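Presented sequentially are two complexes of chain A, the first with chain B as partner and the second with chain C.
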Partner chain A sequence: MALLEVKNLDVRFAVRGGDLTALRGISFNLDKGERLGLVGESGAGKSVAAFSILNLVAQPGYIAGGQILFKGKDLAAMSERELRKIRGNQIAMIFQDPMMTLNPVLTIGTQMVEAILAHRKISKKEARDIALDRLQKVQIPSPEKRLDQYPHELSGGMRQRVIIAIALLLEPELIVADEPTTALDVTIQAEIMDLLLNLCEQENVALMLITHDLGVVSQVTRRMLVMYSGRIIEQGPTRDIINNAQHPYTRGLISALPQMGSPGARLFQIPGSMPSLKNVPAGCPFHPRCEFATEQCRGAMPEYVHSGNVDVACFEVAHRIEQETRMQEAES
Partner chain B sequence: MTTSPLVSIRGLEKRFDLSGSLLEQITFSGGRFHRKQEAVHAINGVDLDVQKGEALCVVGESGCGKSTLARTVMGLISPSVGEIHYQDHRIDNLERKESLPYRRKMQMVFQNPYASLNPRMTIQQTLEEPIRFHHPDWPAIEVRNKIHEVMESVGIDRDWGSRFGHEFSGGQRQRIAIARALSVDPEFIVADEPISALDVSIQAQVLNLLMDAQESRGLTYLFITHDLAVVEHFGTRVAVMYLGRVCELADTKTLFSTPRHPYTQALLSAIPKLEDDRPNHIRLKGEVPTPVNLPSGCVFHGRCPHANDRCRRQIPELIVTDGGNQVACHAVEEGRL
Partner chain C sequence: MTTATVSRWDRFRESFFWYSFRRDKVAIISSLVLLLMVLAAIFAPLLAPANPYDLAQINIMNSELPPLGLDGADPSFPLGTDAQGRDLLSTILYGTRVSLMIGFGAVVLQSVLGILFGLLAGYLGGKVDAVLMRIADVQLSFSTLMVAIIVGAVFKASFGNLMFGEIAIYMLIFIIGVAEWPQIARTVRASVLAEKKKEYVDAAKVMGFGTRRIMFRHILPNTLSPIFVIGTVQIANAIISEAALSFLGLGMPETQPSLGSLIKSGFDYIQSGSWWITLIPGMVLVVLVLVINLLGDWLRDVMNPRLYKG
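Let's look at the complex of A and B:
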């Protein structure tokens, strides 16, 4: 059984003038100890996806349908009380901005001990020892001293290390990390990603990494999902997608990276921008920006087709696969 | 280099005072008064020449002084020590009126297009303002033609003129900000992280736009960024900054194929690449020190794997290596690296 199984998840936002659909039929699995990347640009719905896994979507957002099975139990149908036992305990979350996550008026030690005591019946002294152990694990210099410091006394990279230490406090089985290094400099980002990757491997923790950086995804994850306008448009092994993307959007996103172009030449560009939730185009949401768009794309939403190990939602890819199989049949 | 540079930065230093007024600086302890002065040393001796027609990229991590450099060049803040020259005229000490012709020739594009467009102005007004300011004698029709010309060249619709900034996405706003900079026909554009607030597919659009404008209008860029991947694509030359000093300066191709300074090497190795299966970066010790108390000698020595006694004592100057890079590093100079 997969550790996390998301089935046909729909998330909507109730606003004046009707509901806006933020996630449409999201389905994916995550095994124990697996590392999964979730990629997309702003507005694709990747943060909503991360929040809804913990059933944390705030008003006016709500889960309109589907299941989020964590070890077989549906988080979407659980009460707040039951959820509280899982959040921070079995599933931990790391957010983008470490300064917003830490309480500025409490010391690091107090915040860590508080989180442990919320879930475990142990003494404060024991909790403090656990906190110290985790700070050592994330390789913070002089961890003893840090316990009594306030967040503002630490640098950005150090704060994110503290956040990772807090995520590891209760030995979770899944860490959901939403753009954990976006606010950091490249050299610090590399160190934090390296640390997160090593810890997940050592402790056999599953990681769901939400990011817009395809480079980070290829370094850290083994499988990835690409989201566009609230839908997963491509999913499969990271290597397969990075080396040979199928969906025109994924292909465009990869070719638009400066490291893919030859220096000084014009970059490949996808025209237009991601549609807002208020006016998602009918049919395939990518069709107004897609060079292969046909009548069919404007009329209907494409279903997923298998192309090797990769699942893609695109009519163009479906036609190509159909043609290839027909050719093979004709040959034999 | 035979031709004189378009913009020349000479011996630039910029300090921001932290200690406040005289009364705040004075403390009484041990029976005596002490005066304590503290300052952020944002730029500590930078010499750079920007040649006509090139795109000089300045790269570095937060706190290295790259934005301060951009603002000082534009005259938004004045240097503590040093001079800025534009075509051999000193411009950092001019009176307001004298500086006007240079302000027309030098324009700036900022990082955050949500903050750099006035929310109460229509796009038409936003684009008109600099033209009316610098060419008060132009008739309305000429102003309008100019606006239409820049709108077309950055790929925005004429109908947008009557709309407000908040109606547009980040990429569209950055186009408007670029159109505003182009509207007075500048020669030199300082772009401070113009694409870092944008999505990947939009970044490509804006970069292409900047490159097209450079070609069709013969622009010169000073391009400030933290993203080395963009630099490789866009820059003619690259200056790498660390704690207010230039540690390496080279042609883009040379810098990316043979980086010499240990910091440049670490920075390049930290870019997450698509072909990587794991992070494989050069590990540096510790973190960037505070620019309030600068380290002695080479500012990078505390984190450098090759630092020796000399690095801790003596500040390295830029020297030209065989490969054509200019590197400020004792280890490179001594042939240890």
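Let's look at the complex of A and C:
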């Protein structure tokens, strides 16, 4: 059984003038100890997806349909009390900006001890020992001193280490990391990413990594999802997608990356921008920006098709596969 | 940061708060004066030459003696005596004590109410917010003095003068505290609205903390600095409100005078030449309120988040 199984998840935002659909029929699985990447432009619904996994979509958002099965139990149907036992305890989350995620008026130690005591019935002393152990695990210099320091006394990289240490406090089975390195220096980004990767491997923790950095995804994750306008448009093994993307959007994303081989060349750009939730185009949401768009794309939402190991929602890919199979049949 | 453990005192001495305090002469002088007055008030029973509450010590023959340096002064009454022959210095010391108690008491009460309702309104929002803030609006549309006069008059009529004298101090704390809570509630609510959108609140939710814990342990400490500033100024306001009520005869009785009721008791004799009974307590009141307000202004500058983020 998969650790996390999201089925047909719909998340909507109730605003004046009707509901806006932020996530539309999201489905994916995550096995124990697996690492999954979730990529997409800003506004694709990556962070909403992360929060909805913990059933914590901020007001006025709500889960309109679908299931989030964590170890077989549906988080979408759970009471707040039951959810609290899972949050922080079995599923931890790491946020984008380490400057903002720590409470500025409490010491690191206080915040860590409090998190442990919220879930475990142990003494303060024991909790402090656990906190110290985790700080050592994230290789922070002089961890004992850090316990009594306030967040503003630490650098950005150190704070993100503290946040990773907090995520690991209660030995969770899943860590959802929402752009954990975006706010950091490039040099520190690599360090923090390595650290997170190593810790997940050591402790056999599943990781859901949300990012718009395809480089990071290709290094860290085994499988990835590509989101566009609240839909998963392509999912499969990371290597297959990076080397041979099927969906025109994913291909655009990959060719938009700067290449070492061709210095000075103009970067590729996907024309246009992501539609706002208020006026998502009919049919495939990507069609206004897609060079292969046909009448069919404007009229209907494409279903997922298998292309090798990858699932893609695109008519163009579907046609190509059809043609290929027809040609193969003709040959044989 | 040479040692692994930095004591709270060291932290405080390195802080911006202490730094700006040392550089501000007004703040230093005001806090010294305030400290002196508070200490004098606390230790009034030890410092005062006489006990103004003890009727046996009062001799009516000593009434309206002028302060030292004027004709007819008695060296055992350095600031003179009032119309009942009580030593004015002792009465002022005891009166400052009463005034400060009412000031602090009222602010503690209004802070408790204001913080609680402000947090609930700001964090829970929706209907709770609407109801609490409308109550606050209604409350603010009555003047404190008007409510106090009505409540005071009702109390006085129903309990009689003697009983009223005993409960007057609690009644004043209650009236002033309840009348002023919306000020603090509104400020707290505004800061909570800003704080609850910050990521550390999301992080706290993700950790599985309950609503109560997030409100009181995570958001409240982050909204404290404006409460300190307002609380300080509100102490001065409460002291003034009390003085005004006492001056109108609805505050502290003359047997346990506050600064306000002392001013009032002397006011009847100001025409007959005994100006000191009103003027000296009046000056004490002005100085007390002034130093508290000056400290409040200084706090506002120091705790301005645009100047200092900590």
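By our rule, the second predicted complex is superposed on the first by the 330 of 332 C-alpha atoms of A that agree within 3 Å, B and C clash if a C-alpha of one lies under 4 Å from a C-alpha of the other, contacts with A are read in each partner's own complex, and residues count from 1 in each chain.
As a working rule, a residue touches a chain if its C-beta (ideal position, glycine included) is under 8 Å from a C-beta of that chain, and two chains touch if they have at least 3 such contacts.
Keep in mind that what you see is a predicted model, and the values were worked out from it rather than measured.
Once the two complexes are overlaid through chain A, chain B and chain C fit side by side, free of any clash as defined at the top of the document. By the document's definition of touching, of the two partners only chain B reaches A:Met274; chain C does not. Legend: residue contacts after superposition of the two complexes on their common chain; A:Glu82 is shown touching neither chain B nor chain C.
Considering which of chain B and chain C touches more of chain A, the answer is B. After overlaying the two complexes on the shared chain, residue contacts for A:Thr101 are found with chain C alone; chain B is out of touch.
In the superposed model, A:Glu171 lies in contact with neither chain B nor chain C.
Of the two partner chains placed by superposition, only chain B is touched by A:Asp194; chain C is not. Closest approach of chain B to chain C, taken over C-alpha atoms in the A-based superposition, is 7 Å. The contact surfaces that chain B and chain C form on chain A in the two complexes do not overlap at any residue.
Across the interface of their complex, chain A is touched by residues 61-62, 169, 171-172, 199-205, 207-208, 211-212, 226-230, 232-234, 252-253, 266-267, 269-279, 281, 283-284, 286-287 of chain B. Residue ranges of chain A in contact with chain B, taken from their complex: 41-42, 141, 155, 157-158, 185-191, 193-194, 197, 212-216, 218-220, 239, 242, 252-254, 256-261, 263-264, 266-271, 273-274. Interface residues of chain C, counted against chain A in their complex, comprise 4-6, 198-200, 202-210, 213, 217-218, 221-222, 309-310. Note for the complex: chain A touches chain C at residues 51, 54, 56, 58, 83-89, 92-93, 95-97, 100-106, 114-115, 118-119, 142, 144-145, 148, 152, 163, 166.
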